[in-house]
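In the two assemblies presented below, chain A is common to both, partnered first by chain B and then by chain C.
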Partner chain A sequence: MPLQSLDIVRRSATTLPSPEVRGAHTGQVAKLIDTTKCIGCKACQVACMEWNDLRDAIGSCTGHYDNPPDLSENSWTLMRFTEYENPKGDLEWLIRKDGCMHCADPGCLNACPSPGAIVQYANGIVDFQEENCIGCGYCITGCPFDVPRISKQDKKAYKCTLCSDRVAVGLEPACVKSCPTGAIVFGTKEDMTQHAEERIVDLKSRGFEQAGLYDPAGVGGTHVMYVLHHADQPMLYSGLPDKPRISPTVSLWKGITKPLALFAIVATAAVGFLHYIGVGPNETDERDEDAARRELEKTP
Partner chain B sequence: MSELTRRQFLKVTGLSLVGSSLALMGFSPGEALAEVREYKLTRATETRNTCPYCSVACGILMYGLGDGAKNALPSIFHIEGDPDHPVNRGTLCPKGAGLIDFVHSASRLKYPEYRAPGSDAWQRITWDDALDRISKLLKQDRDANFIAKTPDGLTVNRWLSTGMLAASASSNEAGYITQKVARSLGLLGFDNQARV
Partner chain C sequence: MSLQPADRIERYRAPVRITHWIVAISFVLVAVSGLALFHPAMFWLTNLFGGGPWTRILHPFIGCFMAAAFALLGVRFWRDNAMQQSDWMWLRKFNDVANNREQNLPEVGRYNGGQKLLFFVIIVCLTCLFLSGIAIWRQYFSEYFAVDLVRFGSLLHAFFGIVLICAIVVHIYAAIWVKGSIRAMTRGWVTPGWAWKHHRAWFREVTKGIQQR
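Up next, the complex of A and B:
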């Protein structure tokens, strides 16, 4: 399973098929984030920066707990804090670790026009190859979760890699390892789904009737999943989309418009060629020239 | 096939030259290569230690440059939790997870310094000088202020005029020994930097 980080199943803007013989027979990887166990300590944020050799600029307080205030090319994960007053009038502190969801059907990969700038590995990880990135920002438009960020330094897009370099050698991602409360766990997607189910049973027994797993089908399921106390209202968690899906513009552009445009180009060339063969160039003969000359002489 | 005129030969070679020149100048189609980032700890030296911040005393693994060879100067470049340590089993808090920047901090204290009474400047001194000075002052103060018995004859063997603040980057065993040393001197004012 780990070395599948090296087996690529999909690449952006590439029509040549990837090698497909080796399959994910031992399961795909997944990260499960249990928002009900998270204390918002931000150890995951620090571990992420440490492992990936990133240092974000020291910012200023913007009046809330989110620090830094938003994801950036140097902050690939971020705790987002929400104070929610439930119908009973009690305050609930909903903390969600934001970052790339590693969708099974990634909007970024679909939208990307640069060959091989976004790839999907057999183990489910969606990774950016910055060498091939042209910095157009289509991945940001294509992402239903608004995750990638373009660096001001090199104008390339960056996001969480699910520590593909660690997973490739059989280790868990850095954020998972650091988490002191065990709110972030890592394993096969199957094991993580099962772990989530156990957590949900426990939560329901504690009065969270709507507890559930967030593994949205609109993007084919994700390799980063959440256990939510209020799975019926994901929007409560700092705007986690209720039903994420790839933008219709991306589907329209990549799905219908591109082949249609290609057909139009080929058809124009073919019609031009056939016209040339069948009708030929528009030439004038001696009679036409004479007629034109007479017309000219007539005019004063 | 065998008939290649001079004109055709020049055309073929000329076109090959143009094609290869364009490829060299960067007009070739890009190869869609992809690779994960190289795992950065493969042959680094792994050293076990205890996190210096609080008394939870989490186990850490420090990864250093080089393999310990005489000519390689080690430098720590990555720190993560020790999965074999019973206290934290690999996890760390945000402070522990960011230890690497503490190690390389420009303001990190690396050697003993002394500030003379009335002076506003710190001067670097050797460990020997520092320990000598500390022990001399301790002995002087203890000799002057040690209380063996209270006025009504009760044996107390206490030394109230000096306190000791211990560091937290120590194991249970180091903590035990520190406690024994402090208490055997009669110290009562004894605390730890991270008594959480």
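Up next, the complex of A and C:
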């Protein structure tokens, strides 16, 4: 499994296939975040900044528990807290660890115009390669989860790497390592799905009828999945999209528009060329000059 | 307006010519850098601008510069580009236009129907490119727009960029096709025969009351 993290199977803005022979035959990876076990301690946030050597600016309290208030180039993961009053009138504290979902069909990668600035490894991890990034922000436009952030400092895009560097050498991501309740687990996607099913059975037996797995099919599934108590209403969890997918506008822009546009330009030029060869230029000759002269002579 | 030494009619004065070529050069730069960011097959064109990040930085500034320079031309050309009945007739006789049969066409003023149409296509494209370009200009403005608007802006920007490029290809071809046009924009003058043939109403207007030689 380790070398999967070096095998790039998809590259942004690349028209030919990437090396694909070495696949993830032992299964792709996934991180499972069990929101029902999360206590909001933010140990994962700390582990993330430690492992990745990130230090966000110290902000000020914005009146809720989210700290920092949003993802940034220096905060690749973030606990989002929601106070939800359920129909029984009880308060539920829904805490979701936000960050890149590592989509199987990543909107960011589809939108990126710079070859190799965004790659997908055989194991499913979506990674930004900042040295190829031009800072256009198209990845932000393409992402259905509002994840990538452009650094004010170097104008490059950053997001969670799923600790591709750790995974490459057989370690689990830093956040997984640090979680004191075991709310974050890491393994093959298959194992994680199975583990989630057991959790869901357990939750249902405890009265969470709508408990379920969040692995949205609209983006081909994700390599970061959630167990939710209210899988029927993902929006409750600080706006986790209900049915995320790459926006049709983005698909249009990055899909058919590209070949059509090239065709239109080449066709226009070709029509001109054929016209010149077929009909020929429109020249002014002596007869026209004579006609003009005659006309001038008769003007008083 | 007067006849220049013997056989020349002035068509574009120096300030207009200079502005036109400023617009033209910025157009080439903005189109090439835009295409580089639009299609992976053309990403290599970013090398002409010093690499991907430089292309990303320069493109919007060149675009704004071009739009501003064109605005100067637009103001000058506006009056002469009002569509008239005869222009629509001219456009309908497309077949005669394409086959160089001037004799079948209505008399043309300073600009013909095609030129006027192009003028308005450029204005529409530049306006839409400018507005959508602001929304997708990540470094300064995108954060003020909802992501769906940025997505729509990206699509519009690509669409109008392509329309404009095609329109300019037509414009350039027309200049190659109708001999004498390029000289009008480089040297500023045309021959009386050229004016008589292609823009007869304008020819009459500028030569009114002028006795040649």
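Heads up, the rule we're going with is that the second predicted complex is superposed on the first by the 298 of 300 C-alpha atoms of A that agree within 3 Å, B and C clash if a C-alpha of one lies under 4 Å from a C-alpha of the other, contacts with A are read in each partner's own complex, and residues count from 1 in each chain.
Note that in this section a contact is a pair of C-beta atoms (placed from the backbone, for glycine too) under 8 Å apart; a residue touches a chain by one contact, two chains touch by 3 or more.
Predicted model only: the values in this text are computed from it and were never measured.
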| item | value |
| --- | --- |
| Chain B versus chain C as contact partner of A:Asp165, first or second or both or neither | first |
| Partner chain(s) touched by A:Phe208 [first = chain B, second = chain C, both, neither] | neither |
| Touched partner set for A:Thr14, first chain B, second chain C, both or neither | both |
| Chain A residues touched - chain C or chain B, whichever exceeds | C |
| First, second, both or neither for A:Val46, with chain B first and chain C second | first |
| Partner chain in contact with A:Tyr84 - chain B first, chain C second, else both or neither | neither |
| Which superposed partner A:Ala174 touches (first chain B, second chain C, both, neither) | first |
| Partner chain(s) touched by A:Ala292 [first = chain B, second = chain C, both, neither] | second |
| First (chain B), second (chain C), both or neither touched by A:Pro115 | both |
| Common ground on chain A, meaning residues reached by chain C in one complex and by chain B in the other | 14, 115, 132 |
| Footprint of chain C on chain A - complex, ascending | 13-15, 113-115, 132, 134-138, 140-141, 146, 150, 155, 247, 249-250, 252-253, 257-258, 261-262, 264-265, 268-269, 272, 275-276, 279-293, 295-297, 299-300 |
| Chain A residues within the chain B interface of the complex | 5-6, 8, 11, 14, 16, 41-43, 45-47, 49-51, 115-116, 119, 121, 127, 129, 131-132, 161, 164-166, 168-169, 174, 177-180, 182 |
| Residues of chain B that touch chain A when the two form their complex | 30-40, 42, 78-81, 83, 88, 90-98, 100 |
| For the chain C and chain A complex, residues of the former touching the latter | 7, 37-41, 43, 46, 51-53, 55-56, 98-100, 102, 136, 138-139, 142, 147-148, 150-152, 154-155, 158-159, 162, 165-166, 169-170, 173, 176-180, 191-198, 203-204, 207-212 |
